[in-house]
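Two complexes are shown next, each including chain A; its partner changes from chain B in the first to chain C in the second.
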Partner chain A sequence: MTDKIDLAKAYRPSEEVVVREIEGETVIVPLTSGVGDLEDELLTLNETGRAVWARLDGSRPLAEIIRDLEAAYDAPDGVIREDVIGLLQELCDRRMIVAGE
Partner chain B sequence: MNKTARPSLADGYSVAGLLRAVLEKGRPCRYEARGSSMHPSIQDGDVVTLRPLAAEGPRQGDVVAFVPPGTESVRLHRVIGIDGGRYLMKGDNGLAADGLVERRDILGAVARIERHGRVLRRGPAFAAAILARLSRTPWFTRLSRRLRRTIGRRDRKA
Partner chain C sequence: MTARSYVRKVRSGQDGLWRTSAPALARLDIELTERCNNACLHCSVALPAADPGAKAREWPAARWRALLDEAAALGCLVVRLTGGEPTLRQDFEEIYVHARRLGLRVMLFTNATLVTPSLARLLADVPPLEAVEVSIYGLTAGTADAVTGRPGSFEAARRGLSLLGEQGVRFAVKGAVLPPTRGEMDAFEAWAAGLPGRTGEVSWATLLDLHSRRDAARSAVIAGLRPEAGEFVRLARRRGEAAVEEWRDFCGRAGGPGGDRLFDCLPAASSAAVDAYGRLQYCLGLRHPATVYDLDAGSLREAVTEFLPRLRERRAADPAYLERCGRCFLKGLCLQCPAKSWAEHGTLDTPVEYFCDVAHAQAAAAGLLEPGEKAWTVRDGGRRAGRRKGT
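Up next, the complex of A and B:
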C-alpha cells in the first residue's frame, strides 16, 4: 500500500518511468518489474493528466499546483482538486511519481 | 489516465524513441514485432523482449533491433557480419542484406520471444552464429522460404 497524497508535498516523476511525447500524446512506459513493457503497459494521459504531469517538477507543493490549475481551467468548485488528487494517488500507487525531497 | 492502444507501432514509427529511452536506462523492453522478414525465427505478432547491448556490442548471430539510417522505423534483423565496428544486418527471410549499420543505430538485442503467450525456447549461441553465416548464402533464403511454405501448408491443414 502506498502513502496517501499530501497537498503539502511536492511530487516528481519516478525514475521508474520513461515518458515521451508522441504525436501530441504524453506516453508513459512504467518500468514494471524493471522491464519497459510497450506491449501491455503503455499509458497515455488525457488533457487534465498532461496539465498535471507537466507541473510535477518536484519543487512546488501539490496545493500550489492545484491553485494554478484552478486559475487556468474553468470548473466547478472542488472538481479540479478532486481530479488531481485522484490522478496523483493512482500515479503514486503505480510508483510512477515520488514525493520530492 | 488511459491504458492505450500502442501508438503507431505497426510500422515502427514512434516506437524507436520509446525503445531507445527504456534501453538507455539499462532496462529490458518488451514489444510486439511486425512483419515476416525474420520468419520463422520471429513471426508477425510475436512479442520480443530486447535487452540493452553489452559493452562489447552485438555478436555475429545476435538478432537486434535497429533503426535503419534515415528512417524512424525499427527493424529486427540478425547480425551476419561485423566490419570495422559496423554491423551487417539481414532478415533470415530476406533476399538481401540491409547494409552496414552503426552501433549507435542499434537499440538492443533480442533476449526473449513469446508466441501466442508462450516463451519460445532459444537455441544455443553457436546455432545463431551458424544461421548468421548461412544468411550470407542465397540458398539459405530459399531453404527458409521452403520451410515457411511447408509450415504454412501444415498450418492450413491443421
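Up next, the complex of A and C:
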C-alpha cells in the first residue's frame, strides 16, 4: 500500500504507464514491471473516471480538482470527493499516478 | 457510487472491452525476419541466419517503428513479434521497446537460444504483458539438436529459459510432435511443468503446415513428418477423452457449412500480418500474391480498412471445394483455409486432403460420423453436432 491520498498534493499520470484513447475508451497499459496486477487485464476508465484523469496534470492540488468536479457534476454532498479519493488511492496503489514534484 | 464505478478491468483478448465500436485493427502479427539460427526439420519459414538476400531486404527498425505508430493509431492493442527468430535482429530490442512505449502488448515467439542477460532483464523491467512463447523441440540435446539441425541449440535454449526464469519473465513452452519427439511427450511435459517462470500447458504443433513460400523440397520433408490422421487422434487421446469432448463442442458451436465463403477465420477477423519486407497479409501463412498488400506503396490504414475487407469478400470457385468444404459440417474441426490451400496447392480454394482426413478421423472418434461416411454428404450435420453437444 502506498501513501494515503493527500488533498493538498497535485497528482499526475505515472511514467510507468501508457494511456491510450481507443474508440472512446481510455485504456491504461502498464509499461514497467510491478504496475498494477494487469498481466492479463486492461484497465479502462468510464466517463467520470476520464474526467478525473484528464485533470491530473501534476500542477493543481487535488482539493481544487474536486471542487471543479463538484461544480461540473450533480451529486449529493461528499460523494464526488469520496469517489475521487477512492479512485486516486486505487490508481496510486497500482503506481499509475504519482504525486507531482 | 464508489471508485469501482470509475474503473473497469477487462481481460485482454476477450469480448467486453469495447462498449461501442471495436478498433479497425486489434492485433498485428509481424514477422521481423524469415531468418533463423536454427534449421528445424518442420519449419514452414526459416531461412539461414546469414542469408544475405533476406537480410538486405528486411525492413529496418525505422520502418517498423513507423508501422507500429500506425498500428497504435488504429487502436491495435497487441502485436506479435515472430520470425524466423526475431531476436536474431540486432535491432530487436529497439523495436520491442518502441512497441511497448506505444502501449502495445507484445507476444514474442522465440526459440530462446539468443536470450542474453540483458534481454531477459529488459523483458522483466518492461514486460511484454503476454507470456513469451518459447519453442523447444526435445527433452535432450540428442533429440532437440536433431530437430533444429544445430548442435548446441538445446543447451542454448535451456540457458535462455533459465535467464527468463531467473528474471521472473513469464513464458509458455511449445513443442512439436515429430518422429524424434513423439516418444518424449509425457516426459517433456513433466520437465516443462517444473520450469520457473513457465505458465500454462505445453502446446504441441502436430498438424504441420507446409512451407509458406511453397519450397517444394522443404514441403516434401514437412509432409513426411506429419502424423497420419489416426495417429493424430491417438495422440490427442493420450490423456483421456477431453480432446474428443472438445471436438464435439467445436462442431456444435461452429455453425453450418460455409458455402462459398473463404475467409471466415475468426481469429483473423480483426488482425493482420506483415512479412519481414513490409508486405501485409491476411495472416502469416497466406502469401498468395493476390492477397498481399505492399505497405511501401500504401498505408496500414488503407490495408486494414479497404484491402482486407475486400479480400474477405472473395468467394470460393473450385468445384471440389464447393462440393465438399462448402457443404461440410466439420468446419469447427477442419483446418482448411486459404492459407493451407496456398501452402499445399498454390490456390486459395482447393481442398487439402490431409486436413480433411484428420477432421474426418476426429469426427469419427467423436461419434459424429459413421465409418466411411463423408461429412459433406451428411444432411443433418448441424443436428448431429448439436445433439452431441447437448449430451
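Quick notes
Criterion: the second predicted complex is superposed on the first by the 94 of 101 C-alpha atoms of A that agree within 3 Å, B and C clash if a C-alpha of one lies under 4 Å from a C-alpha of the other, contacts with A are read in each partner's own complex, and residues count from 1 in each chain.
To be clear about the criterion, a contact is a pair of C-beta atoms (placed from the backbone, for glycine too) under 8 Å apart; a residue touches a chain by one contact, two chains touch by 3 or more.
In this text, all values refer to a predicted model and were calculated from it rather than measured experimentally.
For chain A, the partner with contacts to more residues, out of chain B and chain C, is C. After overlaying the two complexes on the shared chain, residue contacts for A:D83 are found with chain C alone; chain B is out of touch. In the superposed pair of complexes, A:K4 makes contact with neither chain B nor chain C. Taken together, the two complexes place residues 18, 20, 22-23, 25, 27, 29, 31, 38-46, 49, 87, 90-91 of chain A in contact with chain B and also with chain C.
Only residues 18-20, 22-25, 27, 29-33, 38-46, 48-49, 52, 75, 79, 83, 86-87, 89-91 of chain A touch chain C when the two sit together in their complex. Residue ranges on chain C touching chain A, taken from their complex, read 1-3, 5-12, 17-23, 72, 75, 77, 100-105, 124-127, 129, 168, 170. Per the touch definition, chain A reaches chain B in the complex via residues 15, 18, 20, 22-23, 25, 27, 29, 31, 34-46, 49, 87, 90-91.
Across the complex, chain B meets chain A through its residues 1-4, 6-9, 14-15, 17-19, 21-23, 25, 27-32, 47, 49.
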